[in-house]
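Two complexes, one shared chain (chain A), two partners (chain B, chain C).
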Partner chain A sequence: MSISVRDALGTFKKPAVISIIGLIGFIIGYVIDVTVFSDASPVQPINFSHRMHVSKNSIPCLHCHVYADKTPSAGVPGVSKCMGCHKVIATEHPEIQKLATYWEKREPIPWIKVHDVPDFVYFTHKRHVLAGLACQECHGPVENMDRVTRVSSLKMPWCVDCHTKKQVENGRDCWTCHK
Partner chain B sequence: MGKMRDKLKQYLKPGYYEKYDYHWGMTIDLDRCTGCEACVVACQAENNLPIVGEKRFKERREIKWLRVERYWEGEYPNIKLRFIPMLCQHCDQAPCETPCPVAATYHNQDGLNTQIYNRCIGTRTCAVYCPYEVRYFNWFTYKWDEPLEQQLNPDVTVREKGVMEKCTFCIQRIRQAKDHAKDDGRRRVRDGEVTPACVQSCPTKAMVFGDLNDPNSRVSKMYKNPRGYKVLEELNTLPKIVYLKKADSDV
Partner chain C sequence: MNKISRRDFLKFIGAGSIGAGAGLLYGKSTKKTVELLLPQVIPPEDYSPGIATWYNTICQQCGAGCGISVRTREGRAKKIEGNSNHPVNQGRLCAMGQAGLNALYNPDRIKSPLKRTGERGNNSFTEISWDEALTTLGSRLGNLKIQKHGDSVYLLTGGVRGHIDKLFATFMEAMGSDNYFHYDFTHPFALYEANRIIFGEEIIPYYDINNANYVLSFGADYLGTWISPVHYSLAYGHLRQGRGNQRGKCVQIEPRMSLTGANADEWITCLPGTEGLLAMGLAHVIMNDGGYTGSDQNEWMQAVTPYSPSVVSRQTGVEVRDITRLAHEFMKHQPGLAIGGGHTEGNTNAVASLTAINALNYLSGNLGKPGGIIFNPEPAFPNMSIKRQANYTQMLELITAMTNKGVDILLVHNTNPVFNLPPAAKFIEALHGVPLLVSLSSFMDETTALADLVLPTHTYLEAWGDDIPEPGVGFPIASISQPVVKPVYNTQSIGDIILALAHQIGGELPVALPWTQTEDYLKDSWKKIYQERTPVDATAGFDDFWKAALMSGVWGENKTRPLIKFDRLSNNQIQKIHVSQPSFAGDEKDYPFVLLPYLTQTFYDGRGANLPWLQELPDPMTSIVYSSWVELNPKTANRLGISEGDVLEVQSIAGTIRAPAFLYPAIRPDVIAMPIGQGHSHYGRYAQNRGVNPMTILAPEVDDTNGALAWSATRVRITKTEERIRIIKTDGVTRTLGRQILGNNSVHT
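Coming up: the complex of A and B.
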């Protein structure tokens, strides 16, 4: 007569199956969260195409984002800036009609912020632009995007990696970016 | 071998630097201080310090990065009132830096004793180790009443519950001054370009702030004043704030 451990193992079968199913569920959930519910590429109130403006019509970034080399925030152009051109250009286009309604209602367009850093982070566009960084290094190839997608994580390791690589003066001091 | 020596130095002297970029320091002339507490108010406004309320104040949970301490000296006919503004001394050998388990407080290249709020886990060890009692703990997440949140400084984080905080020598102003210096193509900040809120608000100009590395700065000259002394110097914390003794006429 031999002693089998199989009976003893049998009690672990149920929890093992449950934990494996749970793990698979977790992985699937994570993938869905990252792909479907990601906030990297939100649907904007107006389908503004950077490709149309930058690549096809070669408008430089700083034409609309005027404060990028002057202040901490790059600045989203006001409706008046859009209407400066779109009073005459492509007025029949349905998206431009949407823009015109905002203009007539005298309301700002409720753009959804794609690139956002938390409140405790001190980030200034000015220093980065004046240091000779191209916009694309952080924002990705926006000139080829129909809908803006966040390419970089904008998380701390990502910032510190670049600061280390470029040997930024005091670039690794906490108080350079934290406030 | 040299690396080992460097490591040892770092160990013996936390936040060890051969030489600081800037060496921000301050002098406070007690002869001029009238104890008006304008600096306290300015600090409160500049650095988003919460108003904790009467109840919390009684529990000694008030947050004031800068407080004016009051001492009575002598007996009734010859009684004298002394004021001493007490703020973080930004010690070069800070006792508060060594015990932090997560290195949330450290010495940076400007010789400032700094606190990273995101990193702080709220063990409050630093507050225990600080001989000047100038570290304050957020026991609660404080709320600002309706119109008051409009005056919060966007350059300073609003701290939450469970975080230690302290005077930063208005690091946001230092950062801004450095930013302007870079815009002008200068490597360094000129003397007098950085004024912390307390220094700016002082009606009698009792406080002087500047770079100690620069021998011609106002603060370096004030440092050599024979009236100068440092608080609790015997603890060898190397505080960076020099108090100028009150000169009495009847001594």
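Coming up: the complex of A and C.
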């Protein structure tokens, strides 16, 4: 009669294997979520193309985002600004017709925010623009995007990296951004 | 073993998928919720997102005329503060002023012109265009004018001042009608009349509480609701703590403790309506103890003879030694002020009482000196509103005209007579005789609900206007009201409506009122101030002056009035000073309590009830929110077996209302008090069907002298009903319950 511990081992092995498989599944699931279902490039209510406006028609950023060099927020153009051109340009385009519907109903277009920093961060466009930073340094090559995609993490290490590299005065001071 | 059994395989698959699912969910949970980036449809031209723009304008929640600074962001008003440039409130603001935002963004504002479709009062309206509304009204007005029936057009507004008032007056004059009245329940008719009797002019002087050493207030709740409470609160602070070790004394004489009573050094009650008698008693002591040495001593001595302390003590219920002590204190602590208001205003002898109170100032020599009564100089433009204020008797004349079909069109603006008149006036019934009732209002109040045509107006935060504060501040000032945001709804400013009507009607109206926009009209009117008054800077043109006035929100002149010496009143005047006993509606045996309705710091006369911030603000004396209540003395309650929350039936000869009891120690046992302001049947979701309106049981008693409504002269009886409700209040228990909160030795007297 031989004594075997195999059966006994088996009872330990199986849960271990199951948890390892579960963990791998968890990681795969997470990676799929942040890559495939990423919120870096949300589908907007109107298929607005920056490429079309900036690259093809050479409209500068500040033409629409008029407050970027003046106030903390860059500003999204009012519906009236869009209609300023699109009353006559490409009026037959289905996306422009969506725009016209908003305008007729006098409703704002519910754009989905792509770039957002938490409320406890004091961020101002004005300082960055006036410091001579190109919009693309944070926002990426928006001029080539049909749908805006977030390319920077906008997380604190990313901010501090840049502040360090550019030797920003008080750039690593807590109070600079958290006030 | 190397073979995986089917069962294990399934287990692994299961584990894998659960893990992947959890991973997905975890990934999702770390993401931010979707935030929208909403652009404005048509952004205002002069704004910068994220940066606040402040506009100075005027608060119009009550008649005090405080200056306000409104913080706007992205073209929306966010917060109202006091304008620190403005001499009335000097940067401070009361709760009603703060709640102006609630009026601007109120969801129950009238959003477009309305035409009545069903029976009057059925609340069935259909929306019409501004064109249709103005054409309808304009042609009706025009027809009357052509038929020379312009005098059958009546205009009834709230206490509007400044050039909007003048605009109304010009319009009505050009229409051929002199039927332009103001109706404001809170207007101190008796005070104006008493001032006319003693000082010879119908104006409220500047009560210099700042520098007074003694304030003897007969019911005037100057920290709460009396004519310019924010200014007086500031002055009170100065009187108490602003002058080093010198600290003025405040005595409050009233049947129910108001906020001012609670802040006074001494709170004294006398029988309701006998404040004037008490003032005469004090005058008697002053005269007899040599406190007055003027040349008209003998006449005064004669006038006060019937009011010896022992007689007055019997009439008022105040002890003789208190009367003498108060009189001596008042004489000794000069400069002092005697002021009257609140329930003293609401009795049948109000004018006489306030005249007697004025006499105290005269006798103590407080006129025209710091710490006393300072007379306001001529305002930059005349304040005609006082003359237009219709008191109860004049309102009855209007109502008679309405009943007798003498009123073809009644225009109502910013006043709510259906709510603020006792039902005995029969205003609603008289409306049957009016073919066209037009309401120019921002809200669907009780009067507007009965209208045939509703032209919605801007709130004061959207419209142009101007004002001369009343009471003034001792030197001439005027302030401008400017729009701080674009109109929220499809409304128009009252000025623009009147100007549009003038052009619609034609004839001499567009000649008298050539402007199309209120802003231009105001600018032209202010050119007069610019030309006639001391210019700020002689080299600056009018446009610079206008801009500067808009930016600071107020214009003023460094000019005081030469002190007027009242050496002598005529003998005739002195002889006329006589205070009679008050009379009350209802027999004392059947109706044992005097009902004291009082204005609150939140609803005022009821106009604030539709603002949710004010509804949820606890009453400062009782801490009650959202409702109506009946204040009665715990002794009275004990005797009648009433405890807090018992619903009482309050019955007068004019009607019955029901409200829960609240035991309030600081009230005479022979009176009960109720706040005014609730009990709206219309006026939006926040005001509707909440509490009761004590105005509905007021008997139509009027003042003996000027015929104003004596709103504190109704007797009531109270009956406990079976019903009981829990009063909503923020207070727990009003007693210390032996907890020694104040400590044993910390209270010094």
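The rule we apply is simple: the second predicted complex is superposed on the first by the 168 of 179 C-alpha atoms of A that agree within 3 Å, B and C clash if a C-alpha of one lies under 4 Å from a C-alpha of the other, contacts with A are read in each partner's own complex, and residues count from 1 in each chain.
FYI, contacts are C-beta pairs under 8 Å (C-beta built on N, C-alpha and C of every residue); 3 or more make two chains touch, one makes a residue touch a chain.
These numbers were taken from a predicted model, which means no experiment stands behind them.
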item	value
Partner chain in contact with A:Cys174 - chain B first, chain C second, else both or neither	first
Partner chain(s) touched by A:Gly84 [first = chain B, second = chain C, both, neither]	neither
Which superposed partner A:Phe120 touches (first chain B, second chain C, both, neither)	first
Superposition-derived comparison: chain B or chain C, residues of chain A touched	C
Touching both chain C and chain B, counted on chain A across the two superposed complexes	none
Chain C-touching residues of chain A, taken from the complex the two chains share	6, 10, 14, 17-19, 21-34, 37, 39, 42, 67, 70-73, 75-81, 102-103, 106-113, 116
Sites on chain C touched by chain A in the complex	1, 8, 11-12, 15-28, 31-32, 34-43, 48-51
Chain A-touching residues of chain B, taken from the complex the two chains share	21, 106, 108-109, 112, 114, 116-119, 155-158, 171-172, 175, 179, 182-183
Residue ranges of chain A in contact with chain B within the complex	119-120, 122, 124, 126-127, 130, 170, 173-175, 178-179
